[in-house]
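You will see two complexes here that share subunit A, one where it goes with subunit B and one where it goes with subunit C.
Now for the complex of A and B:
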C-alpha cells in the first residue's frame, strides 16, 4: 500500500499512490492511514487523484477512517476521479464527506 | 415492395449494452427499435422482410421468428459459424449481406427498401418511391442536413440541383466535408445494383457500393424530406432518444402502459403506494415492479418489468433493465442499469460485480446475500446519511 505524506503548515496531506483501491488493498490502506493519524494532531487531506478504481471495500475503508478521526480534526477528500466520484454519489457518501477538487481547495477550506 | 433490415453490426459504440443485446434489439421505452421498423414497413405495404444477422443473431431471430405476429413474412440470412456450440459472427458488410441473399435465391426481384436496424424512423416511403421512380433511379438515398459539427459521424453526400448524387465522403473532418448533407442509411434500390456488388466478399453500401455507382455514372439520387430519425448508434444517442420519446417529442409515439397519474405510466401488477412515494413524470414503471415507500423517482425515467425499488431509493433520469433491484441507500442520477453494468449517458460505466456494489443494485432475481462488511457499511451509511 503506497501512501505519501507531506505537511503543509499544520495540515497533513496523504496522497494515495495506488490506481486501484479494492478489497485486496482496503485493510492495508486503513492501517496505513491509521498510523499517520495516530502519529499526528493535524487535520488531514486525503488526495485520491491517483485512484482510478474503488470498490465497496475501499469505500468502507475511507468511511472507517472518517469515523476514527479524533474530535477537532477534520478529514477532507480531494481529487476524486470521475469513476470514484460516481461511487461516492451512488452510495450517498458524497453527502457525508467534505470533498474538494484538489489539494489547494482542500487547504483553503481548512484554513477558513 | 420487399425490404431488408441490416442487423448484423456489432454495435461497438453502444457497448456495454451490445454485449448482451444486438443493436436492433435495444429497447426504446420497452420496444426494440427494430420492431418499430417492422411495423413502419408494414404500414407502407411491405410484406416480405429479410434480415441479415450475425452478432447475437438468436436474440433477433427468436423475437421476430417468421414475422407472423407482426403481420409480415420475415426470414434471416445468418453471417457466421456455429463453433463448439457458440455462435461466431462473421459479418460481410451491408452490401455483401444483400448479395449473399440474392445469390442464394434471387429474393430481390423488384424495387426494394433497405434500412439500418439501429435507428427509429418514420420516413414516408410512398414519397421516396415516387421520387425514385420519377427519376428512374437505381439507388435512392434518404438524406438529411445536419449541423456541420456532426458530419464526422456520418457518410457525407454531395448532390447537384436535381438531387443526383455526385460525391461521397466517409466520416470526414468538419473542415474537409464537401457538404453537411448526410446519408441516413435508408435506401430504395433496384435489383440492377447487384451487378455492382461482388459475390462472396465483404462489401459496404456507403463506403463501396454507392461510390462505385457514382463512378460508373449510374442514376443514383438523394432525397431530403422531413422525418423523425432517432439514431441509437452510441450510448449518448440512445440516452437522448429515450428521453425524447418520454418527453413526447416524437410524433406518433405513445408511451406504453396506462397513464395512472399525469405523465406517469404503468404496466400491470405494479405494487406502489402512491401517497407514500414521490414520482415526477415522465415516468414509465414496468409490470410486476414494486416501489417501496419513501422512494423518489424523477423522469424522464424508464423502470423495467420485475424491478424492485426498495424504500427510500432515489432515481433521477434513469433507465433500468427488467429485474433490476435498487437498494434503499442508492442514489441513481442519470444511470442506465443494464447487464450488470451501471452506465453513464456518456457511455462510461461501472461493473457492478467488479465494484462489489451488488448490495446497492443488482439483478432482483438474485438472492440478496450480504456479507458482514456490507451489512456494516449499509448500517453506517443509513445512520450517517439520515442523521
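Now for the complex of A and C:
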C-alpha cells in the first residue's frame, strides 16, 4: 500500500498512491493510515486524486478511518475522481465525509 | 447472430479465488464493456458490480480457499450485457441474496459510529444492474447479473463493431494483459444456459 505523507503547518496530508482501492488493498490501507494517525496529532487531508477505482471494501476502509479519528481531529477527503465520487454518491457516504475539490481547498477549510 | 443480424460474443475468464486476482478481472470487464460501446462511467459501474460479485464468491462461497475456482462469463450483445460468476464453493442462502438491500445505502450523518463498514456490495449491484439472480448448484453456484442496453445509445462506431472482427480490440487487450490466465472467446453461445 503506497501512501505519501507531507506536513503543511499543523496538518497532515496523506496522498494515496494507488489507482485502485478495493478488497485486495483495504486491509493494508487501513493499517497504513492507522500508523499515520497513531503517530501524530494533526487533522488529516486524504488526497484521493490518484484513485480511479473504488469498491465497497475501499469505501468501508475510508469509513473506518473516519470512525477511528481521535476527538478533535478532522478528516477531509479531496481530489476524488469522477468514478470515485460516483461511488460515494451511490452509497450516500458523500453526506458523511467532508469532501473538497483539492488539497488547497481542504487546507483552507481546516484553517477556518 | 442476434435477431438484428449483429454478432455477439461470450468471453470466459478464470481466476483463483483470491482477492488479489480480482482487480485484473475488473479491468478486463471495463475494457470489454467500453470496447462494446458502453460509456466510461457505465463501464466503471459494471466493473464495480462484477468486482463486488466476485469478491462475494471468494469470501462467502469459496471462503478463502484458493483452490476453489471462480469463473466469469461476459456475454455482450447490443440488447444486453450478461455477467455470470460461477464458483465451486459452498452455496449461500438464496433468500439473503435476493432480498431488498437498499437499507445498506442508507447512511446517516447523525450516527457515523453506527454506519457499517461492510455490506454494500449487493446493494450496489441491486442499484446498478437491471436484474440479478443467484442459483446454487450441485457442482457450481451461479450469480447472474443483467444490464439492458438502450439500442439508441449503442455506439456503432465502437471497435467491437468492425465488420471483420467484432470485439477484436477488447479481446486482443485481454489476451495481452491476462498472460497465463485463461481467456476463452467464442461466438454463438446460448444465453439460456
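Going forward, the second predicted complex is superposed on the first by the 112 of 112 C-alpha atoms of A that agree within 3 Å, B and C clash if a C-alpha of one lies under 4 Å from a C-alpha of the other, contacts with A are read in each partner's own complex, and residues count from 1 in each chain.
In this text, a contact is a pair of C-beta atoms (placed from the backbone, for glycine too) under 8 Å apart; a residue touches a chain by one contact, two chains touch by 3 or more.
Only a predicted model underlies this, so the values are computations on that prediction, with no experimental measurement involved.
Undergrad: Tell me which partner A:71 touches in the superposition: subunit B (first), subunit C (second), both or neither.
TA: Touch status of A:71: no partner.
Undergrad: Check the residue A:86 against both partner chains and state whether it touches subunit B (first), subunit C (second), both, or neither.
TA: Both: A:86 reaches subunit B and subunit C.
Undergrad: So, does A:55 touch the first partner subunit B, the second partner subunit C, both, or neither?
TA: It touches subunit B and subunit C both.
Undergrad: Once the structures are superposed on A, label A:96 by its partner contacts, choosing first (subunit B), second (subunit C), both or neither.
TA: both
Undergrad: Looking at the overlay, does A:63 come into contact with subunit B only (first), subunit C only (second), both, or neither?
TA: After superposition on chain A, A:63 lies in contact with both partners, subunit B and subunit C.
Undergrad: Quick check for you: in the superposed arrangement, does A:24 touch first (subunit B), second (subunit C), both or neither?
TA: Touch status of A:24: second partner only.
Undergrad: Considering each complex separately, which residues of subunit A are in contact with subunit B in the first and with subunit C in the second?
TA: On subunit A, the residues that contact subunit B in one structure and subunit C in the other are 22-23, 53, 55-57, 59-60, 63, 67, 82-83, 86-87, 90-93, 95-96.
Undergrad: Where on subunit B does subunit A make contact in their complex?
TA: 329-333, 335, 342, 344, 348, 350, 354-357, 359-361, 373-374, 376-377, 380-381, 384-385
Undergrad: Given the complex with subunit C, which residues does subunit A contribute to the contact?
TA: Residues 20, 22-24, 53, 55-57, 59-61, 63-64, 66-67, 82-83, 86-87, 90-93, 95-96.
Undergrad: Can you name the residues of subunit A that touch subunit B in the complex?
TA: 22-23, 53-57, 59-60, 63, 67, 82-83, 86-87, 89-93, 95-96
Undergrad: Residue numbers of subunit C touching subunit A in their complex, please.
TA: Residues in contact with subunit A: 19-20, 22-23, 26, 41, 44-45, 47-48, 51-52, 55, 59, 105-109, 112-113, 115-121, 123-124, 127-128.
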